[in-house]
Amino acid sequence: MSHISSKVNVAIVGLGRLGKRHAENLAFRTRHVNLKAACSVVEDELAYARTELGIPATYTDYRSLLEKEKDLDVVFLVSSSNLHSEQIMLALEHDLHVFCEKPLSLTVEEGLAVHEVHKKHPTKIVALGFMKRCDPSHDYVKKIIDSGELGQPFLVRSQTVDKYTMARFQLQFAKTGGSIFMDYNVHDIDIARWFLGSNVKEVYALGGAYDIKEFAEFGEADNTSALCRFVNGTMANVSASRIAPHGAAMFTEVLGTKKWLSIGFVPALNKVQVADEHGARYECVEDFYGRFEEAFLLQTQDVINCIREGRKPRASILDGLYASQVAIALKESFDDKKLVQLPELELS
Amino acid sequence: MSHISSKVNVAIVGLGRLGKRHAENLAFRTRHVNLKAACSVVEDELAYARTELGIPATYTDYRSLLEKEKDLDVVFLVSSSNLHSEQIMLALEHDLHVFCEKPLSLTVEEGLAVHEVHKKHPTKIVALGFMKRCDPSHDYVKKIIDSGELGQPFLVRSQTVDKYTMARFQLQFAKTGGSIFMDYNVHDIDIARWFLGSNVKEVYALGGAYDIKEFAEFGEADNTSALCRFVNGTMANVSASRIAPHGAAMFTEVLGTKKWLSIGFVPALNKVQVADEHGARYECVEDFYGRFEEAFLLQTQDVINCIREGRKPRASILDGLYASQVAIALKESFDDKKLVQLPELELS
Amino acid sequence: MSHISSKVNVAIVGLGRLGKRHAENLAFRTRHVNLKAACSVVEDELAYARTELGIPATYTDYRSLLEKEKDLDVVFLVSSSNLHSEQIMLALEHDLHVFCEKPLSLTVEEGLAVHEVHKKHPTKIVALGFMKRCDPSHDYVKKIIDSGELGQPFLVRSQTVDKYTMARFQLQFAKTGGSIFMDYNVHDIDIARWFLGSNVKEVYALGGAYDIKEFAEFGEADNTSALCRFVNGTMANVSASRIAPHGAAMFTEVLGTKKWLSIGFVPALNKVQVADEHGARYECVEDFYGRFEEAFLLQTQDVINCIREGRKPRASILDGLYASQVAIALKESFDDKKLVQLPELELS
Amino acid sequence: MSHISSKVNVAIVGLGRLGKRHAENLAFRTRHVNLKAACSVVEDELAYARTELGIPATYTDYRSLLEKEKDLDVVFLVSSSNLHSEQIMLALEHDLHVFCEKPLSLTVEEGLAVHEVHKKHPTKIVALGFMKRCDPSHDYVKKIIDSGELGQPFLVRSQTVDKYTMARFQLQFAKTGGSIFMDYNVHDIDIARWFLGSNVKEVYALGGAYDIKEFAEFGEADNTSALCRFVNGTMANVSASRIAPHGAAMFTEVLGTKKWLSIGFVPALNKVQVADEHGARYECVEDFYGRFEEAFLLQTQDVINCIREGRKPRASILDGLYASQVAIALKESFDDKKLVQLPELELS
């Protein structure tokens, strides 16, 4: 890309439920983008990419894509969590920018390895998919914090929540090792770090399979609540639920010495208040995409803009690494019923 | 009553649904009161007055009460609307203070007659039951208006609303001549006058029997909306409904050049938000007393305090007279499908 | 346009404040669009069109555009209100589809003339810019009405409101004849017609220059409230304000015999609740575009989809014609302080 | 008290800020009460009791009161926290019912001693002042839980919060040993136990003097957040703040497998929404009494009714004992930065 006005050449990797959302945003709703290639192991998804999105080149193999697409600028990785680390490193080695959905890695070691590779390609952007950082409301809160108007932020409460209708679907992932701390709370941890400006030092996590008992069979919970002590003395309470009765009730609160801000107490579907025999009520968003559609779109545009302008992304490899570290510690605390201390990461 | 610390001797007239509320407030929740006598044509109500409230003297005839109870200070009239004017005048002629439920009168002439009698007993308080004026929220709004912080108030929107479950019960009153404008909107008119500081000059009223068709048989409506032009150029939109699906959704709004204030947009039953399959919701108050219980209590205490301190009441005979005048004009506009001008009252 | 998958060729006319928004939506955020030409009398705006939006052809003269651009499918008219009718007719005569911002016309006669021309080009779409019909919340309400779940809708309350910071700017338009009823309430009238399923029969309008006295010099108001009787016996209360202290507090409410729905009671800027010395509060949207950005975008996509699929638009010439008729009647009622009857339009 | 219709003879002990509230509720707003005696070491308070409340007998010494007032039924203890245990035991030994403000005791041992004495007077009621249990909203939630409609409750979040304007005043108490866990969270613990139906097994508490650094000098915090594991596997997150910028933002939430309920997210002063340059906002309650005035009144009536009807009170000695035990454990966790296990109380 030789010039600020040029378009950014993009390949998308993974066209599942969320991958399709990213692909449509790239194809129709983002400026300065050429969506040139797509990769999936599912042939139907590639057919969709060609006919619906007009993507010229499709691949079933990620390495082939990297080798054959010579003028790519960036890959958007929306693949399985266990592939993230390796795919990022491969892209960096092909001198590409990267956007990768969270989590960065399932272990701290993998994350550190990505960090090492990135150090060899320091001009390349690696942006992590913590889309809450691009949500207009979260962004607004961050600006108030940075302005000093909030005073000292000292407590973040944040919860990531699915409607109960998703629980059976999520049970599949629990069987294959996904942890509610890594899949859900990783967002809350990232936001708490972002708002509190510090890293986590110690965690204590509770939880249980209160409604869907099958989660207990895999050592998993359907609800959790955890407390995190931060290095700078501040604190966070992060919770997760797979069984909210009303909808995707994401909620974040930050308390400061001058202002207290909260985001999304009522997870309203829209601006309509319904008054009927059930009272005065707001119907609620069905899922995380319903809540964060705009955030995903803004995130995609922000990544493209970062590439064009040589800016750093909102969420970096280190942000992903710290979030994974905490998620792993929370799982350990939950499993062993003990306080878990987090060692400082040795980032050479 | 010779002394500020003395108690006020009270008789209550009418012990129906609302009368009982007043009586219990007087008996158990108001300071400086001796509840000495009760009057009702229903023997069960008098038995209740004696045994539950401990009222020593009970009467079936209002005139007997006035004659026999020699040390009364005030009568609380919670009788049928058509008796109000006459009972007030009788009380004044017995040199008593009066609290009377709204409306003051069903015709302007009757109201003027009460005014004439009152002029002969100028030290006597006649307080009208516009309890919204004593509701802490309405009172708070009035204080903001009076402070000047609202700027110039120019539009009031107010609605008086019953839950649909009350509609069949209300049909009885419609049969015997009660008008939705006199029974419901009289409150909204009073609040609009109080907030706008002016009288009504011209009205236009719409409405219909949209749900309970029987109301049409009596020339009545189950829902109305009306527009009022005030002498000082300001305006009010008053509405009424007998069929709210969720509860007693009283609502008042006042727009000023500096602030806009609204009262009770969500007619919540309590402070509990319920999140379940119907969304995020507040259950709603069932009836006007559920909404205005505190206002009724504060009104009663205020009347007692006015008597003890020689202060004027919040709502006077003239307030009742103007409200009745407007309610009658609204009915005429509704009946005849025309604008109705209100003559200035000749208050000699 | 020979094929469903083809793109729609678009020209935009008018690149002022709102015109730019439409142009950017067409250029970057709408599917199946080729934005081929732009027309403006301001050279800076055309330069913007070329460099920022990449529009190949620019014109200072509307007729030249129509003559030279041979493969156009549709013109988007975002020009001055007084030009709308003529520009629509010219486009139709060039066999083009049309999207036109509201209002359709400043007189009923002009609107009828457009209707006559349209009858000669019946396959052409003429879509009016009543974007509230595309707002997800208004659309949701309409679906509930159409499903029958609301019961019989009988009262609509709707207000169009600007923040006070816009009032001085609006004063310019008032000087040159823009009426608050035509500029603001035309939206409320359209929504009331849409929700109530009937036309307006009689109107009564109040208002005044309560804050910005200069409006009175032009016979204009800074606030209005009006009552409309509909042919089917239902009613609407429409209001407008140029001086809301908090923001663009658009609000719509529809009461039915089974449900009451309201849209946007709190005109919140985002999902952030701020708790500080001012209380628990939502900051508010600054202007109508902040409130209806998504509606404008969805409207544009809907127009494109209608053209591709041969569907009728959400708001037609007749919708525009009826809205203008009512706006004119409201102004007459306001001016002459009388009830105004609306004749049935003779649509041959 | 020989008969159900008799009045209950009451003495009040302590006439400080809260004591006066209780005394006025007993004197003017509670049924079936004779307020016969008051005790205070402050002569002004006793003068107030005599002249304003009309209490016939006043004492400066608690033991004198117990000995001289022969026909008392119940004492209301609103004295210093450190006196509660001893005063309760003395009252029981004089064969009196007791209402006592929280906390029951500052140590577990004292609380157990009270329990032992109570076992010798089993027909006497000892009611603890956990007034939230009498708040209509908390009571409503409890009823929904008990009905089974909430499903299994598994997480309670509750916070006790003062407005920042109270912090300097609270600093006095911190100097003399009051802990934020004992003074504030004791309410949250009680509510969590009440809603979750279980006792606390393990706690972890964080906090700090984030705003008012002087609290740190006394080993105290101005804000805390703690996590509690319950015996039945459920969990609670309790928080406290001395520095809320907007008001007394008490908030409680209970999550169940079928419903999630929350109480008081917006700590609104009244029903008035103010729209002005700060947005759309609710002004907030100033202090705990502003929030819980009705709860205090209902609690007082409930205690009187319990005595008359021989019912158990809402909050018993054991409830007070468990709450104190947890508050002490939270302080230990906060002080020592460790998990603290709670032994099962040996209640012989």
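First chain written, first letter: the chains are A, B, C and D, and each begins at residue 1.
One rule holds for everything that comes next: a contact is a pair of C-beta atoms (placed from the backbone, for glycine too) under 8 Å apart; a residue touches a chain by one contact, two chains touch by 3 or more.
These figures come from a predicted structure and were not determined experimentally.
*Asks:* For the copies subunit C and subunit D, give the interface type as same if over half of its residue numbers appear on both sides, and as different if under half do.
*Replies:* Same residues, largely: of all residue numbers at this interface, over half are found in both copies.
*Asks:* Taking mean CA positions as centres, which chain lies farthest from subunit C?
*Replies:* Between subunit C and the rest, the longest centre separation is with D.
*Asks:* Can you check how far apart subunit A and subunit C are, centre to centre, with Cα atoms defining each centre and the answer in Å?
*Replies:* Taking the mean C-alpha position of each chain, the two centres sit 38 Å apart.
*Asks:* Roughly how many whole angstrom separate the Cα centroids of subunit A and subunit B?
*Replies:* Chain centres of subunit A and subunit B, defined by C-alpha means, are spaced 57 Å apart.
*Asks:* Which subunit A residues sit where two or more other chains touch them?
*Replies:* As it turns out, subunit A has residues touching two or more other chains at 244-246, 249, 258-260, 265, 269, 273-276.
*Asks:* Would you tell me which residues of subunit A are touching subunit C in their complex?
*Replies:* Per the touch definition, subunit A meets subunit C at residues 28-31, 136-137, 140-141, 144, 258-265, 269-276.
*Asks:* Which of the residues in subunit D end up touching subunit C in this complex?
*Replies:* Residue list for subunit D touching subunit C: 244-247, 249, 266-269, 273-284.
*Asks:* Mind listing the subunit B positions that touch subunit C in their complex?
*Replies:* By the definition above, subunit B touches subunit C via 151-152, 154-155, 202, 204, 206-208, 210-211, 223, 225-227, 229, 233-235, 237, 239, 241, 243-246, 249, 255, 257-260, 265, 337-339.
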